[in-house]
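Inspection log for the structure reproduced underneath, given as structure tokens.
Each chain carries a letter (A, B, C and D) given by its place in the written order, and its residues are counted from 1.
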Amino acid sequence: MKTEHRAMYLTEILLDAFLDTRRHTEMLCAPLETEDYVVQPTEEVSPPKWHLGHTTWFFEEFILKPHAREYTFFDKDFSFVFNSYYETFGNRVVRANRGNLSRPSVKRIYAYRQHVTEAVQELFEHTADASLWSLLEIGINHEQQHQELLLTDIKYILGHNPLLPAYSENIKEHPVAESKEQWFAFPAGISEIGHEGNGFCFDNELGRHKVYLEPFEIAANLVTNQEYMGFIKDGGYTRFDLWHAAGWDWVKQQKIKNPLYWHLIKDQWYNYTLNGLHPIDPDAPVTHISYYEAFAYAQWKGMRLPTEFEWETAHSHFLWGLRWEWTESAYLPYPKFKKAEGALGEYNGKFMVNQKVLRGASIATPAGHSRPTYRNFFHPHERWQYTGFRLAR
Amino acid sequence: MKTEHRAMYLTEILLDAFLDTRRHTEMLCAPLETEDYVVQPTEEVSPPKWHLGHTTWFFEEFILKPHAREYTFFDKDFSFVFNSYYETFGNRVVRANRGNLSRPSVKRIYAYRQHVTEAVQELFEHTADASLWSLLEIGINHEQQHQELLLTDIKYILGHNPLLPAYSENIKEHPVAESKEQWFAFPAGISEIGHEGNGFCFDNELGRHKVYLEPFEIAANLVTNQEYMGFIKDGGYTRFDLWHAAGWDWVKQQKIKNPLYWHLIKDQWYNYTLNGLHPIDPDAPVTHISYYEAFAYAQWKGMRLPTEFEWETAHSHFLWGLRWEWTESAYLPYPKFKKAEGALGEYNGKFMVNQKVLRGASIATPAGHSRPTYRNFFHPHERWQYTGFRLAR
Amino acid sequence: MKTEHRAMYLTEILLDAFLDTRRHTEMLCAPLETEDYVVQPTEEVSPPKWHLGHTTWFFEEFILKPHAREYTFFDKDFSFVFNSYYETFGNRVVRANRGNLSRPSVKRIYAYRQHVTEAVQELFEHTADASLWSLLEIGINHEQQHQELLLTDIKYILGHNPLLPAYSENIKEHPVAESKEQWFAFPAGISEIGHEGNGFCFDNELGRHKVYLEPFEIAANLVTNQEYMGFIKDGGYTRFDLWHAAGWDWVKQQKIKNPLYWHLIKDQWYNYTLNGLHPIDPDAPVTHISYYEAFAYAQWKGMRLPTEFEWETAHSHFLWGLRWEWTESAYLPYPKFKKAEGALGEYNGKFMVNQKVLRGASIATPAGHSRPTYRNFFHPHERWQYTGFRLAR
Amino acid sequence: MKTEHRAMYLTEILLDAFLDTRRHTEMLCAPLETEDYVVQPTEEVSPPKWHLGHTTWFFEEFILKPHAREYTFFDKDFSFVFNSYYETFGNRVVRANRGNLSRPSVKRIYAYRQHVTEAVQELFEHTADASLWSLLEIGINHEQQHQELLLTDIKYILGHNPLLPAYSENIKEHPVAESKEQWFAFPAGISEIGHEGNGFCFDNELGRHKVYLEPFEIAANLVTNQEYMGFIKDGGYTRFDLWHAAGWDWVKQQKIKNPLYWHLIKDQWYNYTLNGLHPIDPDAPVTHISYYEAFAYAQWKGMRLPTEFEWETAHSHFLWGLRWEWTESAYLPYPKFKKAEGALGEYNGKFMVNQKVLRGASIATPAGHSRPTYRNFFHPHERWQYTGFRLAR
């Protein structure tokens, strides 16, 4: 293929991916009432309308504004409303206030989406400038990340409403796992860690490098609801010796007694899922737990969580991708980590303190958005994502 | 008129008032987008949909549930969602969480309203039981109180949105006042205070009683924006000697520098009103100020605020009803105050500490809902109502 | 007596009172360990060493600095350390930080006291300037007020130490009261309220004026521990209908279940007093309760608290002076209230919001510091003073 | 040497070390006024008297109580007062309340120290039970750790007193460093990490293991005050792009503009040291900075902090031991980490989340208490220790 043809071909693929991603975000919102787009029951959760606007703003700010000569802004004030943490762009709505904004209306945000989607399409149809591709690719991946948050934020909004409305009857959150205990053993040695090849990845995966691993074993399966109920019955939430000091403070202050979305109704455990409230499936992986809980469970079993390096080394031996898996690793830069220039440099590096790495993906992760070197990260108390864990020893 | 006829006649009047009140509440919401019904930018403010539901729940809880034999509940869960502070009825959504509820949807709340309105109408059309009238009258007055809150809460929601959308072009918040300084003087003597006659009033107005007043003078007009700007220019917000200690703490912690809704844009003062952002009208009464600010202004002038007894004694000499007026009086029970039995006893008495009395009414007060003996009350820092003040000396 | 002689005579009396007051403060501290002078277990309580320094600073700041020509400052930094709320004098140690200061040491503060006491004595022995008398009188009364706080702060410090050390074996906090129920009835009419005559009083007592009182009855005795235990047994702390909304929030947030210093040990009630932990004396007046609790008790009895005007009108009929008595009155300015000029104007007026009036005195009040028109004031939740109450109806 | 003789000999050495350690703690307190022992200006800091009592309680609880048959408790209540974080032993004084306790008095705590010291001496003089040695060794090391905290807590107490009193004229905090820039380069390869041999170490140093290191360079010297002033002058505290998101929040909320104890007086930088307030020595290592600040400085230089593995690998090439040095490493368990049984298991493991590792030692570290494998750990915002840092690249 000639270079020019190849460029056109790649552009077409990317443009299709772009349009698919834009559509998929809106499809995720299809079951919502207008009111569901607006609320923010806790600071970690953003209103769905904010996700719709923010992912759109990202394309406007990083692609259209600097590169599309004749682009007309839909509304100049939206930059203030939909900026998230990019301090580079000045003032922004404080995160905790996102749920206080009734305007712009949902309808208007959809119009904004269409406006920007069309302008991006226009730009890429008439431009062969290869240097814009990577920006588009980042924008697509950025929106995919928000799709995951969007679904878990929706779950949080509906799952904390006293009426416990279902999101959809057609979603099955808990694929049944093989619960037979099985371990994979690895000898001591050097592993190569980090992204390799030309495919897309984030900056925090780059700098492929060696790590030395002591011998370890890693479980073939995620810990299940049934196993976790054993921990609860044995008083796991009342035994301080199983917890980090910070975890124990969290348990006491927040009065934590079970995973998020679990309800004890007449001595029977139920959990809220996207298709409503149901009795807990004992064979499904335990979900919506914090790192603190995963750690305490491992202590209770006399085991531990794998490191992210063990996980990456072993991942091809087991099934993964339905739950984000907590690791024992802190979220730190790889040895050759380089922050991107400008505002995109704010993407990952500035969060590299006080967070733990999660590996894998979840049922909320869009198709094609996961890979074995992907590093997700959350604070150790957070649990509104589809988090789970497997043991190591 | 025979007793029976008289009862029917009164029922008809009350039923008309009931239906008018229900319609008026909904009319106030007509300019809103669905999203505007949902949010709660600060704990004091309730989402419009909550007002719609709560005023409906009140009729259901106090009239239909105990008195309508064949009443079918619209949704049993709504009692939990729309109860406000009535501890008698058990659990309720914590006030600060009202803005986190996307469901029930606005549409469903309107259906609930219709359901209850029709059931009340049905009940009163077929019942001559005079003992229900007073309950209906309380329900109407309760909904009227919420109409006032509804409008000021809407103003807060729109006036704190970064886009500053107008509510309606047809509302004029600031009727021009006569700003000529004029004082009415009253000699020492005994005044009669409190409600008299058969008309409706709240329990906190009852127990007409005597108070002795020292000689006083009271201003004919409310303090204006122009006068208040003099206070600002003279450093009123930076001179601790003008303020209560608690007021000074409030000024410093909240960084208060002007009345609520005032914006200084290129050295020109604007204020947000229900018809949008406009330059301040110097002759209009200063509005949306706290008791602390009113007090500091009075100190600055070497004067004071009137007591509620002075106000009630003097009210027939001046025009009032466009702004709620702060008084120097603390909100306390009258000497013969009797709390109502049961849940309605929670209506007023339990708030009689740490609040100041306001007299008058405001442009948000529904027609017929004000009277000279009406005692409104707010905490000294609150200012999202249409508050103003006049001086005394 | 010639004017000159009379002035000398009065000076002598005042100087004696001054020296007595200075000595009495130090005597109150005699039973303390050095460490007890330092701590501040809650913001409302000040460390004893701070009281020692602050009362000294008051004489230095208001008398020596402006009026003693040759006065040498003991330490210029003390002005910063020992200023309390006088915003007029610039920066000061934030109230909550008083317990963080180990220096100046107790020993040095006693040297400071002696330095200032001697300088004041020197000044008044050689000056016949009558205009300084009233300043000295204010300083003495100021220190007397702090003596009361000093003793109750010491009680708080020792009574919140896990070792519960006694302050002194010789103090009897709970004089036995006559507990026979008795009521005094007063007809409707006009009362004269406020200070009269030439004796010392604070500015908040001035402006003698008339109030009209409806007929009332007032109890001859304070409510006793035994009576209050009846309220506890009847679930008084669990019945929201007896409480103000703000009081109920306080009960729930602070988990209040009994008066301060009460301990339930093996089903027996004890209370901590200045001579240690002892079983509760059923006939002693209930002490260390908040206004909220006094109000709830009155509601439970179907009665109310007296107003400060009723109390002042009736006070000569009953014994008082062992407990500060909560009234239903809010702390507000009298009709003719005039704030003093300058820093002394900060003494009382700026606290006239959100507080309740207490009348009487307590066992911690220095001899000669109480009078029937004295208006003490605290926030409705405060209870570390020797507070009690009598009922009215 | 025969086994028996050897045991006696070792016991003697340990007993001497024990008595030295006990004396050294008290010597550190010699310059204090009684009042300085009592206060706790911030939650991280403990009052000196608490350190004196807690280190004593440790010997009582872990050695005397279980092993000394005839031991008589000095005061049973002290267990409650001086327990720190050992949840195993039930209730304890909440950390933030340590500064509220005036009793037990300093004098009584010294008596308690003597009582326990003598009982331990007695026990070890008459016991040849080798199994107690390791407990004594842990107790000594525990007290040595507290000696370091004791000195830095004293500095905090005096350095936050408005009078800024000196602790001692004889202490020199800032040894002059060679400030010539010099780098040591290390090739890629495997390093052995962790404690080795029979000497004392903490459990978190154990499990010697291999790590693979990419090539790195590490600075020969700590960053100096002069270099750090360059960062300040260049707006380091105002450029969000240099900071972690969490660090930037900390800077803004706490209004951080310079290292702890720095004061800008008439355009000249001073810092408070244990011998008082002095102009900053430009060649001394910058001290009392948080990890956040160290990281931002490194970003500003286009470099990074070393990991703890790089530091341990390189430590023999440079001088260290005057400042605790921040590393980029999170405080995590080594691969073979095993928590001790019982209460001693609470010593280290439960803090292994949300903290960063520091390596080295400081001028406050007792002689003999440091070693190259020692892992200290603090939260990234803490800076009251003698912290500094060196760069890597």
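Keep in mind that, in the parts below, a contact is a pair of C-beta atoms (placed from the backbone, for glycine too) under 8 Å apart; a residue touches a chain by one contact, two chains touch by 3 or more.
All of these numbers come straight from a predicted model, not from anything done at the bench.
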Subject >> Those chains which touch chain B and also touch chain A >> reply: none
Original post:
Which chain's mean C-alpha position is the greatest distance from chain A's?
Top reply: C
Original post:
chain B to chain D: how many Å between their CA centres?
Top reply: 59
Original post:
If you average the CA atoms of chain B and of chain C, how far apart do the two points sit, in angstrom?
Top reply: 38
Original post:
So which bits of chain B are touching at least two other chains?
Top reply: none
**OP:** Draw the chains as points, connect those that touch, then say whether the picture is a line, ring, star, complete or other.
**Re:** ring
Original post:
Residues of chain D touching chain C in their complex?
Top reply: 33-41, 49, 77, 80-81, 93, 97, 99-106, 157-158, 160-163, 165
Original post:
How about chain B: which of its residues touch chain C in the complex?
Top reply: 85, 87-88, 188, 190, 209-212, 214, 216, 240-241, 243-248, 291-292, 295, 304, 328-330, 332-333, 335-336, 345-346, 350-354, 356, 380
